[in-house]
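The structure appears right after this line, and notes come after that.
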Amino acid sequence: MTTALDAPPLGPMLDDIVSNHRPQRESGSVPANIPSLAGVPFSRFGIAVATAAGDVFCSGDADVPFSIQSISKVFTLAMALRRDSPGALWSRVLREPSGTAFNSLVQLEVEHGIPRNPFINAGALVVTDHLMDQTPDAAAALLDFLTAESGPGGPFIDEAAAASELRNSSRNLALAHFLKDFGNLRRSAESVVENYVRQCSIMMTCRELAQAGLFLAREGRGAAGAVVTRSEAKRIGSIMLTCGMYDAAGEFAYRVGLPGKSGVGGGILVIVPGQCAICVWSPRLDTKGNSLAGTAALAELSDRTGWSVF
Amino acid sequence: MTTALDAPPLGPMLDDIVSNHRPQRESGSVPANIPSLAGVPFSRFGIAVATAAGDVFCSGDADVPFSIQSISKVFTLAMALRRDSPGALWSRVLREPSGTAFNSLVQLEVEHGIPRNPFINAGALVVTDHLMDQTPDAAAALLDFLTAESGPGGPFIDEAAAASELRNSSRNLALAHFLKDFGNLRRSAESVVENYVRQCSIMMTCRELAQAGLFLAREGRGAAGAVVTRSEAKRIGSIMLTCGMYDAAGEFAYRVGLPGKSGVGGGILVIVPGQCAICVWSPRLDTKGNSLAGTAALAELSDRTGWSVF
Amino acid sequence: MTTALDAPPLGPMLDDIVSNHRPQRESGSVPANIPSLAGVPFSRFGIAVATAAGDVFCSGDADVPFSIQSISKVFTLAMALRRDSPGALWSRVLREPSGTAFNSLVQLEVEHGIPRNPFINAGALVVTDHLMDQTPDAAAALLDFLTAESGPGGPFIDEAAAASELRNSSRNLALAHFLKDFGNLRRSAESVVENYVRQCSIMMTCRELAQAGLFLAREGRGAAGAVVTRSEAKRIGSIMLTCGMYDAAGEFAYRVGLPGKSGVGGGILVIVPGQCAICVWSPRLDTKGNSLAGTAALAELSDRTGWSVF
Amino acid sequence: MTTALDAPPLGPMLDDIVSNHRPQRESGSVPANIPSLAGVPFSRFGIAVATAAGDVFCSGDADVPFSIQSISKVFTLAMALRRDSPGALWSRVLREPSGTAFNSLVQLEVEHGIPRNPFINAGALVVTDHLMDQTPDAAAALLDFLTAESGPGGPFIDEAAAASELRNSSRNLALAHFLKDFGNLRRSAESVVENYVRQCSIMMTCRELAQAGLFLAREGRGAAGAVVTRSEAKRIGSIMLTCGMYDAAGEFAYRVGLPGKSGVGGGILVIVPGQCAICVWSPRLDTKGNSLAGTAALAELSDRTGWSVF
């Protein structure tokens, strides 16, 4: 445990939050198309805070691995931006909030195959296709990256869950073929969706995710040097704040006031610029697909610490 | 040639129409995603009228085979209706004009995976899936049906064109996976699209198509007996009139006043209830995807003959 | 009573239909924004058939006046077409089925202020504005027209109902201002909506409406000579068939197979080209806004008589 | 001039920015429906920074009054929040980015009359209606508020411009009647639109707007005490960041990284939490309706100062 003994307020505060928000009764939902998520006990709740100073504060189920799902999109975006001239990616995907559900095809049709942002599924498929140009197995590269940032022996791909999710990927295949039809996918729809699903099936703990996301709170500097530039780190933060919580980005910015990215596995990664990265996890979701208990916990944490970008 | 010598007005009238409407200059467009259609000379123009009395009047390129494309949807609908309890099909597809382009995904999303009618692509994919329950190779069954109605040695599947069109079927694959996601496709998206594309790649002449469609003008009675009931024939006509010309159904009903179904191969099949079936063909299309010269020719024919359902 | 004694089948058939379809229990709905319609007893049911030969067959409440509502749109369209060069009107409104609810603003926005057809509310407001160019009180002119076709002493405007409906016309005012914003309204939004509401508040009986609509079954010839040309009559019929039943036009064409126009007062006017005009009335509506009992009655009448344009 | 002599970097930096961004040639557009804006010279460019310490740095046309237009929405939102229980307002308007143009009716229809956020026109009309409950002349109250924050003798309503804009308010009248139809407007559509247009027609200088907005950078504390609570100030900032720049909110967050609100008069108000409020003005607009030169100037200022919330 790397918790600094000289930082008493945060540790007990996290314990409080776990005690206040750990679900006592079943409520919320699990995604219908991802069989492996249905079996996670509803009472799971973990939280971790990795500080710029190098401490990690944890409470609850912070060391239980869960499926990171769409939180992976933050990291693949960072990987795409650091490898490439930014213009190359931004000609294929916009940076605007979508105003619609994360897997909608409507906006894609209206806007002729250019996804609104890299965090809706269509945008993440384009980012994956973009990464695959240089690294055909983008999911393996993502796993290497996450391991390097969060420590060895941690993250792994749940290949059985990925295979099962892939058999229920009709919506993502529809999006990928639609992108292909608009000329905005280079590889085959099937190969991009398969790789994307494997990225989503990476298993990590709250502690590991907070550590892996810390570079975004430290102006781009990760465990072993610059991951992205200071400017890129800020810009990823802006996309998280405006687009990171599916169709509830505005509500989350209003209640929590911090850049965040959620996944349907129930995790949420949040950045406090200059200070820390936070990961909270609880598996049951609200109607927008964000962790029910996790969102409430982050609102309380933001209120008690005063952490907010505004 | 089965033209009746004692019906002078119609023969010369068709010759007139060919002379008035055969394209003299290149105009209009060909579909971008179907390579085999691009090579058809723009000046092709044929017309055939098959009468309830058994005559066939032809002019121009009425004996040149062309790709029937979406005209196939009239026949697969008839096949699905005659085999099955109607309710089984109509629970999976509506009967309303779409008000949007034939391959739009928007309405499908808004209406939760139930296509608006059997003549938009999504609806035709559902009809194909429905047919495949009983006859896995629905395209071969369609070919048998068309041959039985129009005479042996006629219709054939252009397998090379089908293979090439299949390589450009991203939009239809997107639609099929989307239908699958909504639970409205039983077979795999890939197998349904492949079969659908082969149906569209059937080659027929104007003469053959007019003969094949004649059962719709004869209360369901085809070359060898009832194809569908009188009531079903009328109802197929109503769907042709309200939904048969993509997003120009209203305009076609206004100008021509007859049930019709067009294909992006440039053919249009039109029914004059109780009297005849008409097929006109000219390959260049207007912005809605209907034959430019074909539509104009049918408007003139309707004006000169007074044929109209209204 | 002008019923021909020598036409036994139709009279008893109408009595049968009244007996089969007159509502025995309350079901369906009344429009929320038109207070005067809420008070009409649910069990009202009338039917009238006016034949090209000059007979009128009636049964049930065929002589009880009701609010014609959107059935007025058929007659204002005819008035606009006969007074004007057709192009002038058709540059301001399309002739395509809408695929959406009759009072939707969405399509109007997507299509930049050109309504899809003259029978959705936006289109009828444009037709009213068009008529008002020549006859500022278009509602009074419509009343004169209907009286001339159906006999003196009949139709009248229920001014109290109009005033009350006008106070609940926010949606129509929104549509009118939206049209104005797109430059597709010449007069003030308020004056056009007021006149339109007065047209809708005309009270007529089934008998009168069948007589008034007869010119559409007689190639444009009305009580005192040509109302519109033969070609215009056919074209109005085509718009009725493709657009006359709100978002259920396809379903009505499928079940009944005849051009029709419904109103939220519970009336439906149907044309059998060359033969007769039919008006049925029962006040309770289905979810699409069409008379519940009226639609069912027309399906039975069409089945028993074989009347269908297909 | 209140510029602090001991703050050399900011003064010269603003002069630089004026020199770099003042338009030399006509480009961009002016809004078609607001005649008074068309006459403003394209070369106008002003910038002002009001610091939490009480200094105001200015350059260029920072003392030329211009029409604040939609920047008024930030202040009416603050007024509505401080007077009322927040729940009362938030039950009538959401806090999500819209993903569509600021004056679209589509989303309003899809979401049944609840505007997506208080900064699209529909949302601002609801806020105005909400304010009018307590202060029927909400525009006069807004003027009082702005005067109190920015100093006497400053802001004024250009009543002639308001009257002329009101004559071109069809779109806003359509929105207001549409809201009324959904039951989300208490006063008459006409009175709400008139008051809203007068709010938009308030004339202020960059210096005055920066001073008036300073409370948002100072945790809610204005010139004469608390305007809103610290929490409300942060939350207004979050809505500015996610929704303040019409359909370019994401792009602005990405490039500038600060909460901002633009108006079609060419002004943009930006908040640097804890530090300062910035107002830039240049009248020509980009395709999204935001000041062309103003946006570019803010991107440079953010780059040079490092000001960003991320």
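Should a chain be cited, it is by its letter among A, B, C and D, assigned in written order, with residues numbered from 1 in that chain.
Assume contacts are C-beta pairs under 8 Å (C-beta built on N, C-alpha and C of every residue); 3 or more make two chains touch, one makes a residue touch a chain.
Please read all numbers here as calculations on a predicted model, not as lab measurements.
Path length between chain A and chain C in the touching-chain graph (shortest route): 2. Of all the chains, the one whose CA centre sits at the greatest distance from that of chain A is C. Centre-to-centre spacing of chain B and chain C amounts to 33 Å, using the average Cα coordinate of each chain. Per-chain Cα centroids separate chain B from chain D by 56 Å. Mean C-alpha position of chain A lies 48 Å from that of chain B. Residue numbers of chain B whose C-beta contacts span two or more other chains: none are found.
Considering their complex, residues 94-100, 107, 116-117, 233-235, 237-239, 241-243, 247-251, 253-254, 257, 259, 271, 273, 308-310 of chain A touch chain D. Note for the complex: chain A touches chain B at residues 104-106, 109-110, 170-171, 173-178, 180-181, 189.
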